[in-house]
Structures are given as structure tokens and as C-alpha cells.
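When the chains are written out, they are named A, B, C and D in that same order, and each has its own residue count from 1.
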């Protein structure tokens, strides 16, 4: 590794800090972790080469203090900063400060972050670059005639939306031209009633959409490649919970068209490093529309790593060190299938209520093609201050069926004691027949389905037996905990029957 | 999965039982574990669907009791038996008993096990099938003239070996024809003195050999494919410790020639299922010689899985269920590089003395392309009765350098408290310059290298500080164990400085 | 030993007898199981139930256990009938609302003396950037409020006592 | 607090002072370190040593600790000089041989009264199908044999006492 990346400060916490530290260590790069006062016991502090406290628990006083982070980097002799995701990762001003301090910024140029930072600005740039965005107007339309003409242009179905609106009022979906006039009047009058403003605008209706995104990698020498797509449509409260690649319903033609657009979008803003273009994909029309570009590593980057064999963190580091891409688009192959489940410390059956607390016992799954990117360990107390995601389970399979069955196997091996997690919820999702058919959109986790998914799986028979024994042991031998093989010498056990033993006469 | 594999009894223990159980569960097959009285707390008992005790701790009274195993299988309603490796896996009589009991035997036909069971018998069959074996005679040679002629035939260097011998006596390596007469006399006279029998035979000397083996898969419909090779030359006491694929020194021509021979050997004995042909490969001549065929799954099968993407346990199950191979030889690709380190509970610095005992703390490595096939867990007591291998660490990389650096990273994350393991020894091996150059043979772990590999790495500075603090805490606060974040409410920590904190003025 | 075990609305009379070496016989109407128990780690109850391998985590809560099987928690009431008789004789039912998670009290929605319905939100606790409404466990009257707005609370902290 | 710390043949006078909140100042000739200690699990000493992150496992053994750093164990003698003075006044040096691993005693190679050299094999213990010769810790005479052939032993069992 080149001198600029002698020692990297990772300006993040949790599993992504652990992930970046691993990538650095594999390249022989030294690492510096930062931690808030609530994070002294965090796993990234244990795994890093060095670790320094940057302030109190609230992110605004620690992980978001760019000035402190740069100061620590310089005192610790770090030569570069990796921001992970979230926190300072998409802060162009911070990126500039890092570079001004003479440090390497492991991320895209501030200008690219800026260009993609505002949704409307990005939309205008993308339109100029020929990238498809959800068609429509963003300004109110004056007359019904003009509106009908625009609707015909962008194609039915369309949505009429109150310009001053929100909360579902003044919105009308129009399926056919013959319904337009009535819908126009209804929308305007409802808008006037609700918002005292009858201005209405028009947008293409994307029905049954999937959230599909394309991973791109660009070096500082003008080469940009894509690493195919991820389907991130399983969402709760606009947060992704299960991701997979390939997207089970995308045709090769659409996949490549979308990928081409993503590369084009990255080019248009002079992108360098790893980034992701998010699209809305209509399962009915097969059309797709650019939503935004995330100018950083994504949470779900591992599934792309699993099917392409390309280490994205290693790639970020090598690109930041100035290396040109060491492979071409033709070298990138999508092999097999990968699924990620984001393990949250929360209770899906209780409206995803957070469930921080001490992890009294932990056994992570292992074996073939099972990857756990964890930010916790047995004995760790999940703090109340940060995102509830504690780990990611990533499983690869030779095909989708294998990836699903392997994920279910791994989820059933996963033991987290002391806190509630979304682990059993994932098993219910992966066993859902619509999920198994690939037949799901961003509306997948509807209230009805949530109820079905969280009702299943409880085993009252086992709970009854366990509780009876626990009570009996508490009543008769309160303090006894028979640790494996500890109570007696293993030699003494020999010859003593234990458990049902069958012998052949 | 077909009805014959409704429920599988796994006639093994430890990591391989866990591995097979995982493979079954991924296919929706129910599992039955067996355990000895010393293994009630073993991980395979925890992971299986059902578990039954088959006898006392000694293998001969439990895991090797084929009659009991079959009885348990029938009582539990199992329809098939998977033997793992070791124990009953290469016992043709047991395989026959299983089939006679109306159960499916997940392994090759007894006739194939028998054919490969005796080394001399296998050698004769292989010679007949045109498979290369180490050239030489197995019977004593009468005269010097005849011996010299044979030596010239098979090519120098050759080994003269006392027919009645052992322990290194009566052995002479002969490099050139002009040295033959003297060596002949010396070997015969030493043989006569040592064993009262001057009979001597002759074998080709394979210098600087590598142990390379080929994985094969055959279905019951006459299709046999190979899954490329594994280099298993890093050995101690003839036991493999580190394996990798591809072999770093094999040319593509030799690789494919060796693979072709392996497929041929499997064909010759009517092989069905997963098997491995072991070869001795001469790095000097480039020649290779068949040693034996292991008619079962190998310990090191995961590295083949990692580079081919083919799940070998799943393949065994599908083949046993009667499925024809679902891919052709052309579909099998060797992608990237994989390394396995066998984690033993032993002390390499102390002549590999076994180190059973209680694992008081365990943190297995994770993250990208790191696979742990473990047979243990935190709190488990490694029993004294069985093989000391407790887990396997398997890392994949896009190339050999990446696989090595990832393995080192994973080894440094691996924490096993309470017992000694070979984990730090592996780091020394992977950092060895000869290993890194691929320049190693079966003689790699010489006494000199062992000394160098086990001397390094101790950090006296850290040990001094840790011991001083441990003593101080014992002297002042004997019972205090500050568990992460447990002592105080995390809220109370906020605002209180902890650890070095830098602030920008 | 006999216990009354309640899951959801269902109550069973369960009989448990030790069979030596960590084994138990657990029976109720129509069902009977041989259980071989091992606690590989303090929090894990690893059981071979008639040979079937199961694992559960049991955490004691008032009048029972929170039992975790494959990550799904179930509240299981366990009552020793002899003790139950004693307790029923003793006093009034009250509902104590405690928090299962550490966090910070954001808002109190009731005052002492307010009548409340079972399931009515009475206090809001924040953790991990999310507000969570905590509900009255019973119909009754707010008897005591044990925390203040803005106060940090740990798991298990008692928040509000509702009297029936 | 001052300790005499011995690793291999090297002895250092180490001074350790608490600095509050789990922090310590550890110094010896020419070196001085700020250490922020956390014990995330009972067996792990996680230390930030002047900011560098290290982890060690410490197991108490007679007169010191077996310290595991990155899987490599080092025997570290730790003596409180005040107590050492007391002990030196008290009696004779003896070498007690104990087993680090559970197993079975296969053979005794010495009898009480035999003179032995440091490093001389005196007893054979078997575990995991391997025989292991255990050696005398000091030059001296066999004072007591505490186990018999065929006997099962656990880790830490005292086997033979050698008197200097």
C-alpha cells in the first residue's frame, strides 16, 4: 500500500467501523478508531489498532464533530480518513476540511457529494445528462387542457397532487385519459378545501415499484464500472431490512440499461470511489427512474461483494491511494445469489420498538457461505444512543433458492440472548410465499403482512417445558448452573449412563 | 428432496457433524445426532434436530459401534446415514450393514470402499487402470545387476530400502548411476546388521514432494467430474495443518492431467459420491504419483467449495438421493484462492502437546470471505477423548495474496480463552517467506523451522502491563469484573470524561 | 411438583418430576415428555425433549418467565398452586408499569388520580431516537408516578403504578 | 504499588498507580504508559495503552499470571516485594509439578527420594490419544508423589513435589 494510506482513521462506529478496519488490516494499513463516551466497550474499539475518545454520547457532540475528528487524526499520525456511512460520510464541507488538513479523504470529491446532495439539483443534473427521472412537472399546472396534454405525454397512469398538500389529500390516481377531467376537478376542489390552494401538479404513477440500486466504482483516472444491482424493496418505515442480488424480476436488458445509466450518472458528476445510484423500477411497465445517488459505501454492500468477488472496502482504499481500476467492466461477473438481513435490536411484533440492552449470550451462525458483519459481542451492552442495527447476516448461494434456504438455516442458528432482535422476523419474511416468488415491492411489509409475519413461529410447547424446568430449578436448586462438563471430571462420567442409551442385545 | 432423505442420522461428532447437519437443514432434511457420554454438551447435539446417546466416551464403545448407530437410526425414523470422515466412514462392512438395514448410505458403494481400502490392492488396480504410482519394486531384488537395471529404468535418484526394515535403517538414497554399487553394498550390509536380513528393494525417490489431491464427485448414473486440486503439504506428524487451492506451483497442464487421472481412478472402482485422490507431486520433475483414494468427505473440503461455489455436502445428499449431476465438467470453474487453517487445541511450541480444557471465552472472526466451521462454543469443555481439532478457519480471496492477508487478519481477530490453540502458529506459517512464495513441500515444518515459527510473536511489553494490572486489581478489588456498560446507567456516563479526549479550542 | 402454567389465555396444570442426572419428566393433560437438560452457558437451557434438541432462554419476571425460543419471546406465567392460595388471600391487585428497555422519559400523559383503561398510553419513553408509548397494564386509577419527565431510566425501572 | 515482574530471565521493577475510571499509569525503567482498562467479558483485559488497543487474557498461577496476548501464552512472575521478603524468610524452595491439561497418568518415572535434574521427565500423562512427558521444574529430590498410575487428573492437579 502506498504511503498516503499508512494509517487510516475510521470516523464511524459499530459494524461498518469494524468492516473498514478489517479491510485496512488486510492491506497492512494501521487503523485508528474513534469512540464516544458511550462506546468505550464497542467492538470497533477492540478491533482497531488505536482508539481515542472524541466526546460525549450524543453524535452531535462526538461522531459528528468533524473538527475533533481531524484533530485526532493528526495527533494519532493518521494519513487518511474513511467515513463509513451515515455521520460525516456525505458532508462535502467535512471532506474538504479533511483534504485541507493534508489528509486523504477516502470518498468522492466534495464537488461530487455536493452535486448529488440536493434532490432537486441532482434531478436537474441527471435530466441534463440524459438520465431518466420520474416524469412529471414540479410546478403547478394552469389549465386542464395543459395538464391533460402533459399526462398524455408522460403516459397513464398518472398522479395528480396538490402543490400545497400532504397527508394524502388532493391526490388522485388517473388510469385512463377518459377519467382525466373528473379527476382534475376532484383533485383541485379537494386541494382548495384542504389547503386553501387549488394548485395541482402531475407525476407519473409508478405502480408496484421496486427499489433497485446499482453499485458503481470509479477511479481517479476516468474509469467507471458498475457491479450490478441490488433489490432493496423490503423496507419498514423507509428503512431497508432485507436486500438481495440479483433482483429476482429484472431482465438482463433492463439490468444492463440501468447499470449503464448509473455509470453515466457517476461520470456526469466526476465521481471517484464507491457509490450507489438508486432507482424506482416499475414491475408493470419495466421502466426505471433515477431517485438519488448515495455518495458513500452502502450498508448492503456485502451482497455485491459476495456475487462479484470484489472487496469494496479494499477497492475504496486502493482508489483513494491513487491506483487505477485493476479490472475492466468485462471482468465483473455476477455469480450466484446473495441475501442480506439487517439484524436490528428491536421488536418487529411491537411496531419495531427499539430493544437496547445487554447481550447476555451470543452465538453467531457459521459454516459455508455464511458471513456475519457484526458490531457486537457476548457481554456487550447495546447502547441507547445510536442506530439499532447490531449486525448483518449475509448468505451466498449458487442460486436464489440456495441463498434463501441457507439464510433460513443461519437465522435458526443465530442465538442472541438478553435483547430482542429481528432475527425470527427475517425467517418469517424468507418463508413468505410472495418473497420466495420474488413478488414484492416497497409496499411488501403492509400492516396485514406484518401481522401475519409476526404472529407465527411461537412454540408454546417448548416454552411450557422450559418455564416449568426453570421454575423447578429455581425452587429447588436456585444457584445451580451446570456448565458444560465442569461439574465433574470427564473421566468420572465414563461408564455412567446419561440420556437415553440404546444397546443392541 | 426425495423421500429417501427425509431424515438423516449423522454418525459423527464435532465440526464435521455440525457441517453435515447444516447441509441437511438447508435442504429441509431433518437430522439426528449421536453422542457419547462425554459429548452431551457438544455443539452437534445443540444444532441437530434430535440427539441420542450411543455409549461411553471411548469411540470404540460409542461412535464406532455400527450396530448401535443403525439401531438408533431405525428407532429415530432416520432414512439415511451420513458418516462424516473418520470413525465408520471408510468401513465397507458398515456401509453394507446400513444398506441391508434398508437405509440410504451417503457414501460410495462398499465395493468402491473395499477396492481403495488396501494400499497394495489399490496400487495394483491403479496400475491396471493406467494410473501412475510411485515406480519401483515391492519385492526384494536378488542381484546388484538386476537392481541397477531397474534403477536405470525408473530413473535416478532412487531409494534403496531394507525389506525387513523400518526406523530409517538400511535406507540409501542414490543420486547417480556411478554411486549405485557402493550404495547397494552399504544398504545390504546395514540391513543385514540391523534386521538379520539383507533383502533390499528399490523405489523412485520423489524429492521435495508436495501432497496434492483432487476432489471428485460422481453420481450413480455414470457421470464423474473433478473439482480441481488442493495443496495439503503443510503437515506435522503426517497430519495436515494448512491447505490451499489452487496449488501455488502447479502448471495448468499438470493440474488437468492430475485431475484426469483422478476421474479415471474413480471410474475404475465404480465410485459414487464425493471422494479424493491423493498424489505425490515432484516439484523438481513435475511428475506426480497416485498415493491413495479417500472414499469420503475430506476435512479440507471447504476450500474446494470456496473456489468452485459447489456445496459438497449438498452434492453428497443429492447424489445419495439418486439425482444425476446437475452440472458438467465445463461448468466447474476455479475462481480465486482459498486457504484453510485447522485450529487444534494443542501447543505447537511444546511438540504439539494436546490442550483440552474449558473454553472460557470465544470470539470467532467474521466479515468478508471468512468462514469458520466450528465444533465448539464459549463455555464448552474440549474433551480429552477425541481428535484435538476444534474448528477450521477458511478464507477466500480474489487471489493468493488476498487469501493470505485475509487469513492473517482473521487469525488475529480469533480469540480463544482458556485453552491453547494453534491459531498464533498459523499466523507465523502464513507470514513465512517460503510459504508466501509457495515454496514448500511435505518437509516444510522441519525442526528448525518449527523453532523459528514458534519463537516469534510474544509481546513481553503487553504481558508486563496486563500482569501488573491483574495483580493490582486482585490486590485491591479482588472480585471486581467490570462488565461492558453494566456498572452504571449509560445515561450517567454522558458528560463524564473517559479516556483521552481531545478537544479543539 | 405441580405448577399452573399460563401462556396467552391458556392455563395448564403441569407436573414436573426430576429423573436424575439433569433429567426431568414433564407432563400435563395428554402430554408427557422426558427432558434431558444441559445449561451450556448460564442463559441457555439446552433440552433434549424425547430426543428432540431444543434451546430456550429463560429470564425470571414477576410470577413467571420470559422464555425465548428461536428468538421469539413468550411470557409464561408459572404459579405454584400452594403459594397462589396464600397470595390471593393477601391483598388488592395493582398494575405496575415498568420499562423493558433503558431510555429517557419524554412525556407523562396522566396525573395521579386519573382513571385509565387497560391499553391506554400513559407515558412516553425514548430510546434509539424513537419514542415509545407505554400502556396501562390494567383498568384502574393512577396511584403513583415514580419518574419525572426527562429522567433517564434503566431496563426494569418502575414507571407508574395503577390501582385496580 | 510496586511489583517485581519477571518474564523469561528478565526482571523489572514495575510501578502501577490508579488514575481513576478504570485507568492506570504503569511505569518501569525508561517506559511509562497510560492504560485505560475495560473487561468486556470476565476473561478479557481490553486495554488502550497510550491509545493503542490491546487485549490480553490473564489467569492467576502461583506467584504470577499466565498472560495470553494474541493467543501466545507467557508466564509472568509478579511479586509484591514486601511479601517476597516475608516469604524468603519463611522456608525452603520446592518445585511443584502440576498438569496444565486434564488427562490420565500413564507412568511414573521416579520414586520418592530420587534425585532429579531440572527438565528431567518424571511423569507421563495422556490426553487426546497422546502421551506427554512432564518435566521436573527444578534440580532437587522427589519429595512427594501425589497421583498414581492410571489415575484421572484435571487441569491444575498437583502431580509431584520436588524439593530443592
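We take it that a residue touches a chain if its C-beta (ideal position, glycine included) is under 8 Å from a C-beta of that chain, and two chains touch if they have at least 3 such contacts.
The structure displayed is predicted, hence computed values, not measured ones.
Undergrad: What chains touch chain A and also chain B?
TA: Under the touch definition, chain A and chain B have C, D as mutual neighbours.
Undergrad: Among the chains, which has its CA centre at the largest distance from chain B's?
TA: It is C whose centre lies farthest from that of chain B.
Undergrad: Could you work out how far the Cα centre of chain A sits from that of chain D, in whole Å?
TA: Between these chains, centre-to-centre, one finds 49 Å.
Undergrad: At what distance in angstrom does the C-alpha mean of chain C lie from that of chain A?
TA: Going by mean C-alpha positions, chain A sits 34 Å from chain C.
Undergrad: Can you tell me which residues of chain D touch two or more of the remaining chains?
TA: Correct list: 36, 38, 40-41, 48, 51, 55, 102, 104.
Undergrad: Where in chain A do residues touch two or more of the other chains?
TA: Within chain A, residues 40-41, 47, 51-52, 377-380, 384-385, 412, 483-484, 490, 496, 498-500 contact more than one other chain.
Undergrad: Which positions of chain B touch chain A when the two form their complex?
TA: 18-19, 22-23, 25-28, 35, 37-38, 40-41, 47, 51-58, 67-68, 71-72, 75, 302, 305, 309-311, 313-314, 335-336, 358, 363-364, 366-374, 377-381, 383-385, 398, 402, 405-406, 408-409, 412-413, 483-486, 490-491, 493-504
Undergrad: Show which residues of chain B lie in contact with chain D when the two form their complex.
TA: Contact set of chain B toward chain D: 345-346, 352-357, 360-361, 384-388, 412, 414-418, 420-421, 423-424, 427, 457-472, 474-476, 481-484, 496, 498-500.
Undergrad: Can you list the residues on chain D that touch chain A in the complex?
TA: 36, 38, 40-41, 46, 48, 51-53, 55, 102, 104, 152, 154
Undergrad: Using the touch definition up top, name the residues of chain C that touch chain A in the complex.
TA: It is residues 1, 3, 5, 7-8, 10, 12, 14, 16, 18, 21-24, 26, 28, 31, 33-45, 47-49, 51, 54-58, 60, 64-65, 67-74, 76, 78, 80, 100-104, 127-130, 132, 155 of chain C that touch chain A.
Undergrad: Considering the complex alone, what residue numbers of chain A touch chain D?
TA: Checking each residue of chain A against chain D gives 33, 40-41, 45-52, 76, 377-380, 489-492.
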